[in-house]
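Pasting the structures in now, so scroll down.
Shared chain: chain A. Partners: chain B in the first complex, chain C in the second.
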Partner chain A sequence: MLKSIILKEWLKTRWYLIFAAIVTIAYSAFLMLRMHRAIDLKGAAHIWEVMLLRDTIFINSLSVLPLLVGLVLALMQFYPEMQRKCLKLTLHLPFSRMQTTLAMLLYGLLALVLCFAMSFILMRLSMQTILPPELIKHVLLSSLPWFTAGIAAYLLGAWVILEPTWKRRIAYILLSALLLRVFFVSDTPEAYNQFMPWLALLTLLCASLSWLSVHRFIDGQQD
Partner chain B sequence: MKTFSKIYLGFLTLAMLLWAMPWAINFALSRPGRSPFVMYSPLIKDFILYSHDETNGLKRHDTQGNTYTEAQADSLLPTFYVRQLVTDGRWPDTLLGRHVTPHEVQRTNFSFRSNAADVNAIGVELYMLQEAMSGRVEMELPSDVLRFTPNGLEFIDMASNTVDAEKSQRFTETLKAKGFAFPPRHIASNPSTRKDYDNGMLLLDAQNQLFHLKQLRGRPYARHVELPEGLEPRQLFVTEFRDRQLLGLLCDAENTLWALRANDYTLHRTGITRFDPQRDNISIVGNMFDWTVRISTPQTERWLAIDATSLQLIDTLTISPNRGFHMPGLCFGSPTSPHLRPRWR
Partner chain C sequence: MQAEQHKIEQQPKHAENVIECQNLSHRYGKRLIYKDLSFSVPRGRILGLLGKNGTGKTTTINILSGYLAPTAGCCTILGYDVRHMPHTMRRHIGLLIEGHVQYQFMNIEQIERFYAAFYPNQWRRDAYYELMRKLRVAPKQRISRMSCGQRSQVALGLILAQNPQLLVLDDFSLGLDPGYRRLFVDYLREYARAEQRTVFLTSHIIQDMERLIDDCIIMDYGRILVQRPVRDLLSLTRSYTCPAPDRFDLKTLDNLNGIYHPELNRGTLEFTATIPLGQIELLLKQRGLEIDALKSRKINLEDAFIGLTGKY
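Right after this comes the complex of A and B.
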């Protein structure tokens, strides 16, 4: 049954996931090419100096992309379920409702992690020849909250979309917006290092919120 | 699961309310208070305060309540307003019984600033050691950076991203020969092209010993600095003031600031106490007669006057600026640290 659920989710989101992976990887590649180009133009020393003395990491424009990718994935995966009332059918499969919900969320989470990991690895490999490990670590650790925000956006998006009533949905949207703001409070590189393990845990726990919406759907809550 | 979800939703809602509501209220209601600008005048042996008055605008006065005009204040702070006094033709022949030229004043004037946010900054553990004897007037940044390892230091050439083994070995051996224990606990330097000369690095080694490291024509210069009995350095600052009298400043474990003289490498205890570099901001405006020191925390501002020769405390002034209305709440940032985490403030 788990395989069938995953296949169903894949059929629903495959084109978007391929598109999202291409966009994320292509944008990361563009940022890396831009860094290489700057080195060709001004020399590696200039780039190192700017990174060390002005705390620049050259990939700041990547910050909101994972968030958008996560949010749109939630939309692509769960909006059809609600609009066509497919969720009712899904929840009547001979599989525990909670396991069905978790399987759907797990699929989305793994798809996002895979997509973000490819971007992360691409940046890591691309910087290997031009920057020392200390600066590579600095850049990658600085981008970690953005990718975590993408996962949080997906889980919060799923929670909002699965909610059957608009009154609650609006309240959830406001709360989600505030929660996602936490990931963008500071643009100082590595500012989230100490807070990151807690933020990651809080993000993963957001998966439990969708169960509330599903439960309200099962209870027949309507506008 | 449903109960857990409900509890978690309640927790998130409460946390976000405690964050957003106080922020919105503070944003709407609080008005930032203006702190006066203060300088110590050696002529009247008192602080002169430049404070903003709602009705009269800028007001110049001392702690006794005497008010001054702009021209009078210029004359009372001759080392600070030296250019204005020279332009007006009001530069005195002598200052405090001493013949002083404007050039001498400008050469000995300095300013130093350290913010807690900079001290607590998240730095990449790569450092720049500039050439201190390049023979050029303009300062240049080096073509390599250095990293400290448990066994020595490594210079990495920026263009090729490779370690310069020969140079690394030369500097490591020099430091080891002076008794340096790797890795250092604290490293201070001012890599910049906007300074007159380079004083290199101050290093606190693994055994809490203080060292000075410079690069002179590509070769290492290292010197062990004797610490006075009982002095436990905590924070180091390299200074590159125009008069070249000081090599740096050092804050000890008891939050007292020490000055390291450049000519004989001796450390002198200053009258600047109760300064925690990780929590307080400090600014020093110095001249040949005295230093005006401002130590500020979010709650208070302490102004100290320090004698430039003996480095002892002359006078103090404490101001509690009116910060206006502030509703406490949950926040993530801090004015003293770039590290984000939940804080109640």
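Right after this comes the complex of A and C.
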């Protein structure tokens, strides 16, 4: 049964996931290429100095990409469920409703983690030849909140889309925007290092919100 | 031991009535849809819920399918409260959502494979593909690219393959042309009769219902007007006409039990009644009306529905 639910999610999202993976990897590759080019032109010593003294990490433009990838995945995965109340079919299956919701979310989370991990590994491998380990860690740790924001955006997106009433949906959008803002408060590299466990916890807690929306759907809440 | 008991509890309870609703009330905000509605559907019967728009048909279907918490009252299906039914019991309930909604992103092979996994030991793949053969669609054609009629056959095929004990169908004729409606009705009737299945359905097309249902519930705003076998209803209900007496006032016929929606049409008095002619004449006499030429006419289910609920 779980396999069937995963198959359903895959059928909904496969083209988007392939597209999202290509875009994320291609953009990360482009940023790495730019970094390599800068080192070729200005020399490694100069670039390392700039990175250390001016808090530059050369991949700042990546920051909102995971957020967008997460949000669109939520849309691609859960909008078809809400179209003409298709979710009724899913929740009518002879399978625990909570486990069904959880399986759908887990699928999305795993897909996102895989997509982000590929980009992360690509950057790690690409920087290995041009930056010392301390600077690689510095760049990757600085990008971690953006990828976490992507996962939070996915979970919050699912919460909003699964909500059956527009009044609440708008309130949830505002609340989600505020929550996601937390991930982008500071541009300073590694500014979130101390706060990361809390951000991760906040993100994990967002997963339970979708069940609230599903529960309201089952109760027949409507505008 | 506990696990065994759990297993036993999740079997359908063999009650006389597959559906039992007691004192059901529902309101959306301040708007009362109905109050203290009680009805039951015996095993093996096909029951049609008839009512004008806004009388609460979809509300009732939503409550029965567990997607709406009623303001008061409770519903049981196969002996279980629909709000707290073990999830495995849902395998015995086939649900058709208004508009024959199915997963648009799947094709007919994918959707069959998807559902089959949830209904081990009861899934009837052949029943599904038998119906699919009648559709002129490629096996890989996505449901989103099918016509409403084709989608209805896919939805019906999936329910037949599920082989549930109870079928709950919300407005099954919505968007279907006469050919597909007939195909749907004939298939469903044959299946329900052969397998002794219980069906609870709504539709706006009453001619289709007449070919299909055994019993009907006619809903008026806030209450059940009639609940009885269709055959009984049609044998009892007649349309009556007679020339209206001079200076006749329609208010004379207000609150007469068994006489519904009297109307004056170009000097002719028309009404529908569920009581015998002799009783009607007696009632009219009690109201001071001497009518000699009262003509009665047999009517079909649609006329009975309009006669009982009124045109507006």
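Following the convention adopted for this analysis, the second predicted complex is superposed on the first by the 222 of 223 C-alpha atoms of A that agree within 3 Å, B and C clash if a C-alpha of one lies under 4 Å from a C-alpha of the other, contacts with A are read in each partner's own complex, and residues count from 1 in each chain.
The working rule: contacts are C-beta pairs under 8 Å (C-beta built on N, C-alpha and C of every residue); 3 or more make two chains touch, one makes a residue touch a chain.
Nothing here was measured: the structure is a model prediction, and the numbers come from that model.
Model built by superposing both complexes on chain A: chain B and chain C fit together without a clash. Look at A:217: by the touch rule set out above, it reaches chain C but stays clear of chain B. Once chain A of one complex is fitted onto chain A of the other, the partner contacts of A:205 are limited to chain B, with no touch recorded for chain C. Ranking chain B and chain C by residues of chain A touched puts B first. Of the two partner chains, chain B is the only one touched by A:175; chain C is not. In the superposition on chain A, A:53 contacts chain B only, with no contact to chain C. Of note, the Cα-centre angle with chain A at its vertex and chain B and chain C at its ends comes out at 150 degrees, rounded to the nearest 10. The gap separating chain B from chain C at its narrowest, counted between C-alpha atoms of the superposed chains, is 15 angstrom. Of all the residues in chain A, the ones that touch chain B in their complex are 43-45, 48-49, 51-53, 98, 129-132, 134-135, 138, 175, 178-179, 182, 185-186, 188-195, 198, 202, 205, 208-209, 211-212, 215. Contacts from chain A toward chain C in the complex involve residues 1, 3-4, 7-8, 11-12, 80, 83-86, 88-89, 91-97, 217-220, 222. Per the touch definition, chain C reaches chain A in the complex via residues 28, 62, 65-69, 87-91, 93, 95, 97, 99, 101-106, 110, 113-115, 117-119. Within the complex formed with chain A, the chain B residues making contact are 1-2, 4-6, 8-9, 12-13, 16, 19-20, 122, 124-126, 128, 141, 143, 145, 147, 156, 158-161, 191-192, 332-333, 338-342.
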